[in-house]
Amino acid sequence: VTMSGCSKELIGFDIELAKAVADKLGVGVSFVEINWDTKEAELDNRSIDAAWNGFTYTKARDEGYFDEDRNQQIGGLDFTGMYMENKQVAVVKKENAEKFGTLEGLKSAKSMVAEAGSAGFTTIQDVFEKEPVPAKKQLDIFTEVSSGASDVGVIDAVMAGYYITSETGAYHESLSVVEIEGVEKEFYAVGCREKSNLPAVFNHVLAGLWADGTIRKIGEKYGLQDVLVNGFGEYDENYQFPTDGDYAAVLKAKKFVVGYTVFAPMAYKG
Amino acid sequence: MFIEIIGELALGFLTTLELFALTLVFALPLGLLVAFCTMSRFYPLRMLFKLIVWVVRGTPLMLQLLIIFYGPGLLGLPAFSNRFLAAVIAFVINYACYFSEIYRGGIQSISKGQYEAGQVLGMTRSQIFMRVVLLQVIRRVLAPMSNEVMTLVKDTSLANTISVIEIIRVATTISSTYAVNIIFPILYAGVFYLAFIGILTLLFGWLEKKLNYFRV
Amino acid sequence: MAFLEIKNYRKNFGENEVLKGISFGLEKGQVLAVIGSSGGGKTTLLRCLNFLEIPDAGELYLNGEKLFDAAELGKKAVKDIRKKRLHFGLVFQSFNLFPQYTVFQNITLAQNLLDKENFKNQKKELRASLKECGPDERKEKKEEQKRVLQEIRSTQKARAEEKANSLLDRVGLTEKRNAYPYELSGGQQQRVAIARALALNPDILCFDEPTSALDPELTGEVLKVIKGLKSSDSTMIVVTHEMEFARNVADLVIFMADGVIEEMGTPAEVFDFPKSDKTRAFLQKSLEQTL
Amino acid sequence: MFIEIIGELALGFLTTLELFALTLVFALPLGLLVAFCTMSRFYPLRMLFKLIVWVVRGTPLMLQLLIIFYGPGLLGLPAFSNRFLAAVIAFVINYACYFSEIYRGGIQSISKGQYEAGQVLGMTRSQIFMRVVLLQVIRRVLAPMSNEVMTLVKDTSLANTISVIEIIRVATTISSTYAVNIIFPILYAGVFYLAFIGILTLLFGWLEKKLNYFRV
Amino acid sequence: MAFLEIKNYRKNFGENEVLKGISFGLEKGQVLAVIGSSGGGKTTLLRCLNFLEIPDAGELYLNGEKLFDAAELGKKAVKDIRKKRLHFGLVFQSFNLFPQYTVFQNITLAQNLLDKENFKNQKKELRASLKECGPDERKEKKEEQKRVLQEIRSTQKARAEEKANSLLDRVGLTEKRNAYPYELSGGQQQRVAIARALALNPDILCFDEPTSALDPELTGEVLKVIKGLKSSDSTMIVVTHEMEFARNVADLVIFMADGVIEEMGTPAEVFDFPKSDKTRAFLQKSLEQTL
């Protein structure tokens, strides 16, 4: 199903959640590994229907920006309800944990890296007032930091939890997580094209999956039960599925396409 | 672990090879067609194709990949559902333009006398091209073509710009997923390339020897 | 009317008038030598005969048949050109052998392609005739046709091979049958080019300075072959700078200058009693160069 | 907005140009040195450099960038603190190898007679090289060199593999910051490339004409 | 002892013994013609004289001075080679002019480089002498030295220019002074090559088949120049296939075959009364070729 060259199966919280949604809708789902910094183009291009991979909701991403030259709204995506809590944390080499242990320490870092166009990227700009190194994928940040190319990487706490904090994590021995003082909580949601009716449909189904405990069950499997949130509202038994737009296209294709990057525990091969 | 990594890399290299083979299969004949267009006696056609070749040769393939994959969807046309296909198309267009210049050089280096000798012997245009000129052209373009083909092998890595999972993408993903031996998947990927380039070098050497039975 | 009759051939390249009305007649089995200084239009004349260039005006009659008339030049005239070319053979100054073929293949290639074309047409005709038969008859007839066709093809091949061998013998290159052009000396290459042109049995064989790309030592062997052709009654037009050769071999000599025939006649007339000053000056000059 | 985007792209292109210029400045002389090494009479040195050239020419530059930038750090050596520097190093090594092959071809195409004529006239080895051979070599390598330099212009885009903010990276970043489609900044970037390639074409044409005063 | 004395020169290329002990003497102002069939070692002999190849054995005396002795060949012998080469000039079969320089520059380049080297040395010496003076004196002396140096340089330049002009005149190419080699005919190029070799005033000028790359028409002009040199008392060694020339111009003729001197003597001796069978056969063959 995937374009991946890997022999192992694609798993992860987001993957299973998307599959559960597809089951409920009675359609299939395919997963495509993308460069995260081209997700908007991928959505516009209809090569994916949803960017579903620990995608942090922000107002700017929701609304886009107002182009004064052309006097119109540019960009922006439509999101489902939020389903998971996250915040940005810093990762540093274990031997640097002392040095960069505080906000002051972090500020003294020579170079900071985050995924291009990610929430971490804005965090570095806002909190540290530094120009971040833009990595192509969140995963590349581990290479950046462990090779010493960058002193500090800013990534999602969820991801750091899997790769670093967890005792079986690949970077448990070499990297440390440092909480960033004053950074705000944020939430994951699924991003779709602007004016798509898929978010509404997904919201409806996700509300159902919340209600019947499926989401919790998947969360427990990946140790994420504590950060789950219900942003979908109450399950509406009388919900009328739309008959046009993206949803009609999904029904016609008998599947929807999810774009992801390798990002454990949300989507990875195991 | 080692075996696993090599296996994954090999799978990624399969994609690389597929892209390589498909590009050659289509770009080699298409390049000849483009060469004919850039040599056409019909001025607008000639100019159009010269412009196309100039633009394609003057911009990075990376850029062409992005434009071909994301362009149509944005312009309201049906988008590519298959990024591998988009990569193949971008590579074919790019390489057809490069090949066309090589063909053009080869064709123009064949003396007018060869054509005229054919005409005087009552051959048709297509007979002259197929029976007299073509093999001489092939002989002459073999060396520059072999250079370009080697470049193609390495250029395939650009496909990961539009998320085609070829060997370098696999290598970087492996190295950031597993903390151990982080640099090695990338080094191994290099070995794959070197081995393939080595095989191609032998192949072209053999071909050149085969065609060396006559002198132009 | 002579065997070959050229009437008032004219050819311009842009502003440059290269042939300014050339007319002459040549009898079957005769040898015409064309001499003249550089740029006089000799090569252009040969190219016009072989339709490598299309004259702007003029007519060409061969054996009483009108082969070309610039006045009638429409689509059709151009279309038949390939067939009409076969009446003439041309041996180039620079040989223009096909480097990827052996001597033998160079000689047989064109005949082979023509044979194949004929064979295909015959096959098509035979196949068409099948349509009129009933289904029973058809199978039988098809078998028969297959035999006939096989025979045709093998006869073609045998004839082409025989022809090539006799030509190789004639130009003295039987031993070089399987050599590639690059393995031959210039003189040998030119002899292969002559054999290649003869292989299609042209009515008239044209030579454009066949020895000018050769060392003096190699010139002799090529001229000997051309002399040999004369004795076998080939009709030939030879553009040459070898005055001795022209005088000894030609039946008719044309001196061309600036696109017109300045002088025409038997070798004795042209070489010994030239009428025009230009001819005299040219002959004088070429005599000096030889010494 | 348009102006802003163009401004950002122009800044990115400045990096592209810097990388281009630095690569040329170092790779042109280094390539000559490598060429001499691959022609050395000392067997081990010659073989070593032939191997290096073969490996560098046989693997994608993208891979070399990854190895040079991440390699030292991952092997426990001091890491590169400056990714632009790493990019320059990778480009210089890569292009020095390509240039060396061009130089080698040029030098070997100079007839032995030129050296001997110099020797007989009592010139020193270095005088022969500088006064007699060099200009002829330059003349001969100009055409292939110009091709290679054009390729370099486009190859600079590969630096974004190690997050050097060159023009294509700027174009992609613009698209993700503003959540707009990537295609327009990318198209504009193409115009930058074409303009620069155009200038270089003129420059090489002029140089070729300058050197055409003699024939080799 | 003669002006040039070669003793027992030997040279091997791997297994192939190309010079098998060559000895001869040549007086000042004499012309030696070396003839012989292909592969006999003539070119190798000239190359050994010019130290383009180092002989494996043998001695060379010039004007009584031992210039080379293979037995003594150590680091030092090789080091001085550049200076020793200047005693000999060599004109190549294929001219080997420097294509990027004009005729004038071709002729003056080597002298120019030598002049600059001398100039630098002189400057260094003068500068060194400054060290001994006091600071007041020094400034004054420096000024003076500057003037002296400028004068030296401009004398050098004037002399080189004058020399080049007279050489150009001698080979009849004054008008081609600023032409580039590609603009010249083969014969003109060879004459430039001769002038270039003469510019360094070699004691002995060697020619390796100086006309073999030329058309017969151009051969004459080059041979004429060489004849002219003889009348100005240059000592020359000419490898040639032009027997007529050798007979008319040479004072001494050597016939080389298979790496040994098969016959040596005056032209009359060698050409008219050859002693060895080999010589006779060679002369017979070359006579046939000319006819």
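Letters A, B, C, D and E name the chains as they come in the text, with residue numbers starting at 1 for each one.
Operating definition for what follows: a residue touches a chain if its C-beta (ideal position, glycine included) is under 8 Å from a C-beta of that chain, and two chains touch if they have at least 3 such contacts.
As the structure is a computational prediction, the values presented were derived from the model and not from experiment.
Novice: Could you run down the chains that neighbour chain A and chain D together?
Specialist: Correct list: B.
Novice: Looking at C-alpha means, what's the farthest chain from chain B?
Specialist: Farthest from chain B by mean C-alpha position: E.
Novice: Farthest from chain D in C-alpha centre terms, which chain would that be?
Specialist: C
Novice: For the pairs A-B and D-E, output the one whose chains share more C-beta pairs in contact.
Specialist: Between A-B and D-E, the larger count of C-beta pairs in contact belongs to A-B.
Novice: Per the centroid of Cα atoms for each chain, what is the distance between chain D and chain E, given in Å?
Specialist: Using C-alpha averages as centres, the distance is 44 Å.
Novice: Taking the mean of the C-alpha atoms as each chain's centre, how many Å separate chain A from chain E?
Specialist: Here the centre of chain E sits 83 Å away from the centre of chain A.
Novice: Could you work out how far the Cα centre of chain B sits from that of chain E, in whole Å?
Specialist: 55
Novice: With chain centres taken as the means of their Cα atoms, state the distance from chain A to chain C in Å.
Specialist: Once rounded, the distance between the two centres reads 80 Å.
Novice: Where in chain A do residues touch two or more of the other chains?
Specialist: Residues 38, 41, 44, 143, 146-147 of chain A touch two or more partner chains.
Novice: Where in chain B do residues touch at least two different other chains?
Specialist: 66, 70, 74, 172, 182
Novice: Where does chain C touch two or more other chains at once, residue-wise?
Specialist: Residues of chain C never touch two or more of the other chains.
Novice: When you check every pair of chains, which ones turn out to touch?
Specialist: Pairs flagged as touching, ordered by label: A-B, A-D, B-C, B-D, D-E.
Novice: Can you tell me which positions in chain D touch chain A when the two form their complex?
Specialist: Per the stated touch rule, the residues are 1-2, 69-74, 78-81, 83, 162-163, 165, 169, 172-173, 175-183.
Novice: Would you pull the chain A residues touching chain B in the complex into a rising list?
Specialist: 3-7, 32-35, 38, 41-42, 44-47, 137, 139-143, 146-147, 170-171, 173-174, 262, 264, 268-269
Novice: Under the definition above, what is the set of chain D residues touching chain E in their complex?
Specialist: These residues of chain D touch chain E: 111, 113-114, 116-117, 119-124, 127, 131-132, 135-136, 139, 213-216.
Novice: Quick check on the complex: what are the chain A residues that touch chain D?
Specialist: 37-41, 44, 60-61, 64-65, 67-70, 74-77, 110-111, 113, 116-117, 133-136, 143, 146-149
Novice: Taking the complex as given, what residues does chain D use to touch chain B?
Specialist: Chain D residues touching chain B: 55, 57-63, 66-67, 70-71, 74-75, 150, 154-155, 157-158, 168, 172, 181-183, 186-187, 189-190, 193-194, 197-198.
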